[in-house]
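Below is one structure; the comments refer to it alone.
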Amino acid sequence: MAELRDEKGLAKAERYYTDYGVRARELKAEGKKIIGYISALCPVEVLTAAGVVPFRLKGNVNEAITKGDAYMETIVCPFVRSVFDSAIKGKFNFIDGMVLPHQCDSLDRTSDVWRDYLNLPYFHFLNAPHVTDDPSIEFMKELLKLFIKTLEEYTGKKITDEDLKQAIAKHNENRRLMRGLYELRKVNPPLISGVEMIKVLIAAMGLPVDESNKLITEVIDEVKARAIPSNGLKKRIMIIGDQIDSVDIMDAIEGAGAYLVMDDISVGSKMYWQDIDTDKEPLQAIAERYLRKLKIPTNFVDTGGTYEDNLNARFGHMRRYIEEFKVDGAILFIYKYCDPYGFEVPAIKSYIESAGVPVLYLEDEYSTSTIARMKTRIEAFLEMMA
Amino acid sequence: MAEEKKGRAVATKTAASIPKFVRGNLAATLKAKEEGKKVAYAYIADGQDEIMRAMDIVPAWGESFAGVCAAKRDAEKYLQKAESDNFSRSLCTYATCTIGFDMVREELGGGAVPDAPWGGMGRPDMILGSAQLLCDPRFKWPQATQHYLRDVPVFVGSMYYPPFDPKMDHHEQEKFYVKYATEELRECVKFCEKHTGKKMDWDRLAQIVELSDRTWDLFIDTYELRKAFPTPMDTGDAMNTMVPLTFNLGTQEAYDFYKQLYDELQQKIANGEGVADPEKYRLIWAAGLPSWFALGDFQYFNSKGAVFPVEVTYRGCEKIERLELPKTNDPLEHIAWRWVRYWTHWYDKARKRPGSLPKVERIIEYIEEYKCDGVVFHSAFSCRSWHAGIIHQAETLKKVYREIPILILEGDIVDISSYNEADTHNRIDAFIEAVDSYKKRMN
Amino acid sequence: MAFFLGIDVGSGYTKAVVCEDTSLRSYSIIPSGGDYRKAALESSENALKKINISMSDISNTIATGYGAAIVDFARQTLSDISCHAIGINYLFPSVRTVIDIGAQYSRAIHLDSEGRIVNFIMNEKCAGGSGKFLQVTARILQMDIKDLGRLSLTSEKPVEFTTACAVFAESEAVSRISEGALPADIVAGIHKAMSSKIIVLATRVGLVPDYAVTGGGAKDIGLVRAIEKELKTNTFVAQEPQITAALGAAIFASSR
Amino acid sequence: MINYFAGVDIGSTMTKVVIYGEGIRAMIIGPTGPEHRKLANKVMEEALIQAHLKFEDLSYIIATGYGRINVPFADRQVTEITCHAKGLHSLLPTVKTVVDIGGQDSKGIKIKDGRVVSFVMNDKCAAGTGRFIEIMADSLGVPLNDMGRLSLTADKPAMISSTCTVFAEHEVTNQLSGGETLPNLVAGIHESVATRVASLVKKLNIEPDVAITGGGAKNIGLVKALEKKLGCPVLIPPEPLITGALGAAILAKEIFEKYTKEGQVPERSKSGLQEAKFFD
């Protein structure tokens, strides 16, 4: 791999994206333990502190779900089915274990299936609550302790508060850097395209945090060096959804003649916008970040105030993105059979539209097989906005 | 479209009184205003029944109302209404049916909805949801409802039990799970106090909890009578007789109902009266909510000589003594323990049989005790909570127990649009033949 | 010496089998069309004529399949799952997993060592992946359905199909052709798509060897090879796999 | 001098061309073959003959429909959603909700001032599309043209319980042999499609006037069934099949005029009307 050693920034991200898991495989060969996880709800800091490599699992939109359907009902959301299908087909044969946080029924109700059929040396179901009040934080801390205990047993290494603090610092740095890259999307036209961005996001989530930090820094340097482009004429789009983790839909959006400038997806801004407080006891700080700060629909938010207050608490960040990133239109892309996102659609849609930004709601499979129809809808949406 | 399908003719007299119960529950929500009571949207098995009863809050059950709409084959208009505001068809249809109804009622000013099945439900004063078990809709549905009933406050509590992990002892964890659940129930009380303006009468609560415990016991005693040959009652009836336990827990009516059912079953056993004549095959309904619009399918089974002496669905309780609950004077803590143990009391057993699961242990135990020859699951497409993981349960059952015939029917609870009777009957026919050959093989 | 008749009224084809005691004497396969009763009569008569006997020589008749209920001259009906089990056990007693590919439905049946059904599973509300695909493909390529199999075996690069709908597979195939895809690759692509659906069913009943493929789909060697590739083992295919259920019905008739 | 514009709508089933000057100068409808480009040429040539024009007389051409990217001589591609709205608005300006039933998909479009404000499209399933009706017509042996008329004589539409087109096809033939009348079956088929389409378009808050376009609008039985399911009358443009192509042509005119007003010339496609080559 000598010829690749000079590869940097976007080129590196491209390779990590295209051959997802290539770096994890190398690290595995070096004797590192690779722990796969699903969802932005997994406290990666704990994994980093344990000295293992957190590796976010993704599905494959280009491959039909075949083997997985023999074990998992088709009423599970297609994203989860696709990840499981990839796993059972051996695409992640380099992982030593897996963490499945309790994000939603599609994950919760299939946790036995993951455990029993993948049969990994390490498996942990993190039973995170959905409610975010004080008792829930205390409960989450108990769950984190349990999580830590299982990891310690697995690695044979104690996880100290100091380890946690260091991991928190590194991941906060990671988030800060990524937000810096997002900054470069604010200009018009953005310095980095949505397609490039998703590649960086995917590449980053498959790396140990130090390498991820280095990659993002390189990308920022590379992108910053680009000539400031002349004024862009295309519409600026934000995409919203859960784990949208392939270029195809981004490509469809940009190919239809728009700039993809922002996201509220679980491999994107949802991962990077909220830091962990460093002035608190680590478990408390981690629990608070994952329950209260993380903006995912499975963290129940109720202000006790008016409905309008609740909406602001749940979706206010999207309005801020709209302003900061000068978003002209939003695409809400939800997978079928997803209750947590599905039940939010009317509320999100009307909330964003009330900010004067039109919303295209797409409910679809996790598959490129429907991409042609998606394109038509996206093009029509852009024509509608023109 | 309201082509009313004749409901299933029930086998027991007691079950025939169920429509009265259901109507009564719906009517209570409409009458509550006159009586100065508060109405709460509530969700079954959330552990909050006794709190509501103790505070004279009238529960309005969307799950019951949507079931009624489905059974009357009159849910489509509400499903469509919800869909018109972008609620996907793949979401829980209890929720989307009820939300559709809410939307219609709001458009009519919040009062009665003239053409609603059985008069519909009254507008709630509060919504009492619950996160985590049992499902996502239990907390997303209340939130989504608030989009249409903006002034109605929402409470979402949290009732968790430790997940099963063959490598991990759950007993340690139970304590902090119970502590958490107790605190969340306390939050629920606070919320109810705030929105009813009343204080909780803790003695009354304790009495109601005690009554529920007795109802749990009586329910199980009654249902265990079904072990008899021929069984005096099958799942077709149980989908009705579950109503008092599920929707009226903590009321004397519920207790009395099971007393009456108990007596009737004993009588039938004495007379040797069964559900099918002759009873040739005994099946277990091993998971899944029923298709409310197709309860007649149970009769189709019966017509083939097949009966269901036992089901997992809606058997939402257990003999209290079997749960070995720690003593406590706090009724909320008692509810929490009862709730957690209801799920975990199968765990030790499951751990003893390598590769097994608690849900599978339960099925095995019932197969053995009720002498079943076949297993039927129903997979409803709009509810992941009870229906995702069924394939794995079936596989595990075959692996750790034995190759018993299994039928997985696919359908929905409310949405009739993918149901095909002829098709379902064909499948049942083939399954009965499989059960028949299994019985021959086992002999 | 007695004659027994088994009739399988499938959604696509109606099959009649005449057995003399338990040996197969003749059979007939005709399209079911709209009138199942007529198809049942016609196929029975065809089969009887071949060995110069008439209905009155038949001791017992069993009907099976989608339209079995309409066959009023049968003494009894039995589901096609059971009939497949009996038929396969008669032909290949070592088979434990039967994969049946019919016109609308595909199913997998798990048998015990005595040929009794242990479990079965079939596709549900959608005909995606069923034998209908083969008919559609044959029509588009303007070929006889019989020749699809061999053509498929010559493919080097099967086309990836993106639709699972049996109806839209047609338009997808058409546009692939217009993009220059070779007919062989189209057929092989269809076979691949179908076999991956079918394997899901087989996996769910347990994947116990030996395997047999039955139904009209089993006549397609390309499809059978695609299935074998997924199973990583060979399968049994009868000389006339489409009559398996009818044969089972006739055998069953002889046992009554 | 009049400027001429063309709209080419390559649908999954039909290819439609409209030439627009001041008013419609030509409209041609032909079946869509697998070779879109070749066919687009042919239909365009026919349209030019009908309009007595040469290809060079066309100032701007827009392609739309499912095969829109396969029209090399078009100057721009626009989705059928925008084009249907545009076309329909020019024909029936009071319409706010458009239902388009085509061969491969059904759509609902809400329009305001001739512009799309929201839309829905069906899933990738043939149920609820024109294809469903075609297949049923075929297996009943009824010409597609007669389906509508036939269903109007039904006394009680047959209940078709399968959603899947493949299953429904068998169900229909069975019912036919079971003695169900042809009109009742055809009406049942229309009800089945109308039910699916209605539940699709009901996702948009339907506002009157409602119109139907696309091939489905040629079928009066389907239109009646849809009116029943939607609970309101439905308008039909004079030649519903060409709505999309007409919209494309009008859009071509608008775009061209916008450019010329600003003193600019829109960029044109370099490909002339030569036949495209497929298999080199």
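Just so it is clear, A, B, C and D label the chains in written order, and each chain counts residues from 1 on its own.
Note that in this section a residue touches a chain if its C-beta (ideal position, glycine included) is under 8 Å from a C-beta of that chain, and two chains touch if they have at least 3 such contacts.
Given the structure is predicted, the values throughout are model-derived calculations rather than measurements.
Seen from the C-alpha centroid of chain A, the farthest chain centroid is that of C.
The interface with the greater count of contacting C-beta pairs, when C-D is set against A-B, is A-B. Note on chain placement: the centre of chain B and the centre of chain C lie 41 Å apart, centres being C-alpha means. Computed from the mean C-alpha positions, the centre of chain A lies at a distance of 35 Å from the centre of chain B.
In chain D, 124, 163, 167 are the positions where the chain touches two or more neighbouring chains simultaneously. Multi-chain contact residues of chain C (touching two or more other chains) are listed as 66, 125, 163-164, 204. In chain B, the residues touching two or more other chains are 86, 391, 395, 418, 420. The touch graph of these protein chains is complete, with an edge between every pair of chains. Residues 85-88, 90-92, 95, 131-132, 135-137, 139-141, 143-144, 146-147, 150-151, 153-158, 160, 162-165, 168, 173, 176-177, 180, 183-184, 187, 355, 357, 379-385, 387-392, 395-396 of chain B are the ones that touch chain A when the two sit in their complex. Against chain A, in their complex, chain C makes its touches with residues 162-164, 193, 196-197, 199-200, 203-204.
The touching residues of chain A, when paired with chain C in their complex, are 64, 66-67, 69-71, 367-370.
If you check the complex, the residues on chain D that touch chain A are 66, 78-82, 105, 115-119, 121, 124.
Within the complex formed with chain B, the chain C residues making contact are 66, 78-82, 85, 110, 112, 114, 116-122, 124-125, 204, 206.
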